[in-house]
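Notes follow once the structure below has been shown.
All chains are identified by letter, namely A, B and C, in their written order; residue positions are counted from 1 within each chain.
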Amino acid sequence: MQNIINVKGLSKQFHNLTAVNQLSFSVNKGDVYGFLGQNGAGKSTTMRMLLTLIKPTEGSIEIAGIDLFKHRKEVLRNIGAVIEKPDVYTYLSAYENLKIFAKLSGIRLSRQQLMQQLETVGLAQRANDKVKTFSQGMKQRLGIAVALVHNPQIVILDEPTNGLDPQGIADIRNMILHLSNELKKTIVISSHLLSEIEQVATKVLIIDKGKKIIEGEASELFDASQTIVEIETTNNNYAFEQLKQSSWNSFLLKERIIHPVLKMNKKDIPQLHKDLITMNIALISLQPKHSLEDYFLSITSNNQS
Amino acid sequence: MKRNFVFSIIIIATFFSANKLKAQDATILVQKVKTKLEQVNDYVAEGKMKTDVAFIKAPVGKVKVYFKKPNKFKLKRDGGISLLPKGGISVNMRSIIETNDYTVIPAGSVVVNGINTKVVKLLPNNDNSDIVLSTLYIDETNLVIIKATTTTKENGTYNIEMQYGKYINYALPDKVTFSFSTKDYKMPKGITLEFDSDLTPEDRIKMKNKKGRIELNYTSYTINKGVDDSIFK
Amino acid sequence: MFTLLQIELHKIFKRPRTYIAFAAITALIVIIQLGLKVDGKEYADFVLADLQNTLEINGKIINGYFVCYIILQLLLVHVPLLIALIAADMISGEANMGTLKLLLTKPISRTEFIIAKFLAAAIYTILLLVWIAFFALLASIIIFGTDDMFLVKNAYAVQIEKIDIFWRYIGAFCFAALAMLTVAALGFFLSNFAENSIGPIVATMSIIIVTTILSTMSIPLFNKIKPYLFTTHMVAWKEFFDVKVNDANETIRGSIQNADKIIRSSIVLIVHIILFVGASIWVFRKKDILS
C-alpha cells in the first residue's frame, strides 16, 4: 500500500507545555486513520500541524512524498479539512461561501457546478440565504461542502462531531464511509470518543500527553482475543530490554515508553508471568485488558486521577 | 487716544489765537479743494487692493470701488473676502469735507513725499460727529489732498496717503494707502481647534507690529457715467 | 493575490458593520452643514469676534471650502475610531468566527493573504475618505458656494484665494488618507493578537485616544514626547491651508507655509505604516492558529 502521509519525530512546544512529543506515524492511501486520545492529548495540535496551522518545533511531515512546510501551497491543494465545528461566513449566503472557498482552493467552478455541490449536501434550495439563518446541521453540511469543494484526495477531520446531536453524528459517520468506500479518499479523523473511531477507522493511533501509546490496524486492536497486557516493574527500562531480547519481543509494543506493554493472547499470560520471574524482573503489577476500549479507558482514568 | 485728543486741542487752540487771518485763507483752500472734488458726481474705479496687517496673511485682490454723491461709497472685492479697517474706508476724503460744519485751522507747511503741502486741521463743530479731528496736507498747486490723518472716536486714528497721476484733474488718486492701528491678536485655542503653533521668535515680533495698512492701486476710473443706487446696499 | 483581495473586499462590503461608519460620517456632516446653514453667521461672528474689533470682514466667510475645513477639523479626530472598527477586526474577527483556520488550510500563501487583508482594509479606509470628500467638500460647495477661505489660526489669520484652494484639499485628503492608513495599520497589527474583535478594537481606540490627548495638551512634559507620537503628525493636513507671504506681506499663490512639515509628517506616517504592516506579516507568518 502506498504511504501518503509520513510524520517523523513531530514535536510541538508551547512555552512550558509539550503538546506533541516525538510523534511518528504514517498513513496509507485509502486509510481511514483514527486519531484517538482524550481532550488535551495533542490530537488537535497534530491535526493542525498536518494542515500547517501550527508550526512544529521539531520533526517533519511529508504528504505524497512532498515536504509539507516547504511546499505548503502545493500540498494543501490536495487536502480538505474540517476543524472542530465547520465555521463559515455567517453573513454570506451558502452559495457565496462555497464560491469563495472554491476560489481560495485554486479552482474555478461554474454556477452550475457550485449548485450541484450544494445539491449533494441538500442545500440547493437555500443557496442564496444567509448562513446565519441556517440550523446547526445545515451549517455543518455546508462546512463539509466547503472543505471538499476542490475534491481533495486527503480529508482531515478534527473532532468533526463535537457539539452535534445524534443525527448529526450519524450524518458525519455516513459521510466518512461514503468518502472512503466510494470516493476512495484518504481520511484522517480525530476524536476523543472510541466509539466514533471504532465504527469508521481502518487504522488507529492512540495518543496521550503528546506521545503515541499504540498504533495498529483497527481489526487487530479491536479484536477481543488480542489482549493488551501492561506490566509495571521496579525497573521498567531493564524489563523492556529483557523482554526485547526474549521470545516476547514480537508481542512487545515498542513505542511504549513508560511501562512495557504487550499485545498477546490472554491464555499466554501465565507463561509470561513465569518468564518475567526467570528474567529476574521485579514485578509490581501485570494488568490484562480485554480490548482496546478497556485500554483506552484506563488511560483516560489514569489521567483524570 | 485721549491724550492725543487733548494734545490736538492744545495745538488747535494755539492756532486759533495766532493765525486768525491765515485761517481765512485755509478755509478758502479747503473750499477750492472741495470744489475740485465736486466735479465728480460718481465714479467706478478698478484697482488692486492689498491688506497688510502683520497677523493676517492676505492675497492681493482685484477690487471695484463705487462712489456716488454725496457720500455713498462701496468697495467690492472681485469675488472674495475683503478686509478693511473698521469704519475706515468710509472715512474717505469726500465725507470728511462734505459738510461745511467744521472749523478750519491752518497749521503751516510740510513736505510730504517730496511735495510741498499746506497743513490744515478740520475740527467738526458737531459734537456727535465720529471724527474728532482731521489733518489735511494739501498740494496747493494741484488742489489735491496728499495726506490726511483722521482721529475718530470709535475707530482710532487713520492715516490716508494719496498719490496722483492720470486723474489728478478730477482729484482722484492712483494710489491710496490707509494706515491704521490694530489691536493684539489673540485666539483661544478652543475656537481655532489648532493645537500647536510653532511661530519663530522673529515671527512673533513681526506679529506684534500693530500697524495695519491697506493699499489701493487704481488702474482706471469711469467718471460721471452714473452708478446705480442698488450697488451701495 | 488579486483574487484574495477581491474576496476580502467582498467580505467587507457584505457586512452591515461596514456601513455604520459611512452612515455615521454622513450624519455628522449633515448635522454640521445644517448647523452652519442655519447659524453660520453667528458662528463666523463668534470666531472672528476678535478681528472684527479692528477690521471689517466682508464676503462669504461661511462658504463651501470653509465648511469643509470645519468638518474635517471635527471629523478627522473621530474617523480613526470608525476605521478601528473594521481594521482591528480583520484578523481577530476571522479568528473569532473560526473561519481563519479554514482559510489557512487552503492553498494560499500566508504573506499574500495578510497583505490582501491589509489592502482591503486600506481600500475601505480610502473609500471612507472619498465619501467624506464627497459630502464634506462637494456637498458643502453645492450648499454654501465658494469664496476665499479665511482661517483663524492661533497666531494669525490666513486668507486663501478661491482659485488656490481646491488643490489644497486634494493634498489634504491624500495626507488624511496616509494618516488614516496609519490607524488602519495599527488596528490591523493589533488584530493579530486576539481571538475576538473587541480587544483589538478597544486597544486601537484607546491608543488613539490617549496619544491624541497627549498630542493636543500643551504641557512641557508632553511637548517633549509629542514629536514621537504618530497622532501629532496626523493633523499635518492642516498645513496645506497656510500660505507663504512675500516681503510685502502678500500671500503667494500656490505656496505652503510649512511644506517641510507635511513632508516630515508624511515620512513619519509612512514609516509607521511600513512598521505595523511589516510586523503584522512577520507575526502572522509565524503565528500558530489555535482559534
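Simple rule for what comes next: a contact is a pair of C-beta atoms (placed from the backbone, for glycine too) under 8 Å apart; a residue touches a chain by one contact, two chains touch by 3 or more.
Here the structure is a predicted model, which is why all the values come from computation and not from measurement.
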{"item": "Identity of the most central chain, Cα criterion", "value": "C"}
{"item": "Chain pair showing more contacts of the two, A-C and B-C", "value": "B-C"}
{"item": "Chain centre separation (chain A, chain B; CA means) in Å", "value": "97"}
{"item": "Distance between chain centroids, defined by C-alpha means - chain A, chain C (Å)", "value": "50"}
{"item": "Distance from the mean Cα position of chain C to that of chain B, given in whole angstrom", "value": "47"}
{"item": "Where chain C touches two or more other chains at once, by residue number", "value": "none"}
{"item": "Parts of chain C lying in touch with chain A, wherever the complex brings them together", "value": "3-4, 7, 10-11, 14-16, 97-99, 101-109, 286, 288-290"}
{"item": "Residues of chain C that touch chain B when the two form their complex", "value": "46-47, 50-61, 73-74, 147-148, 150, 152-162, 164, 215-216, 218, 226, 232, 235, 238, 242-243, 245, 248-251, 253"}
{"item": "Residue ranges of chain B in contact with chain C within the complex", "value": "50-61, 77, 79-89, 180, 182-183, 185-187, 189, 191-197, 199, 203-204, 207, 212"}
{"item": "Chain C partner contacts - residues on chain A that touch it in the complex", "value": "14, 48, 51-55, 72-77, 79-81, 83-92, 96, 100-101, 103-106, 143, 146-147, 156"}
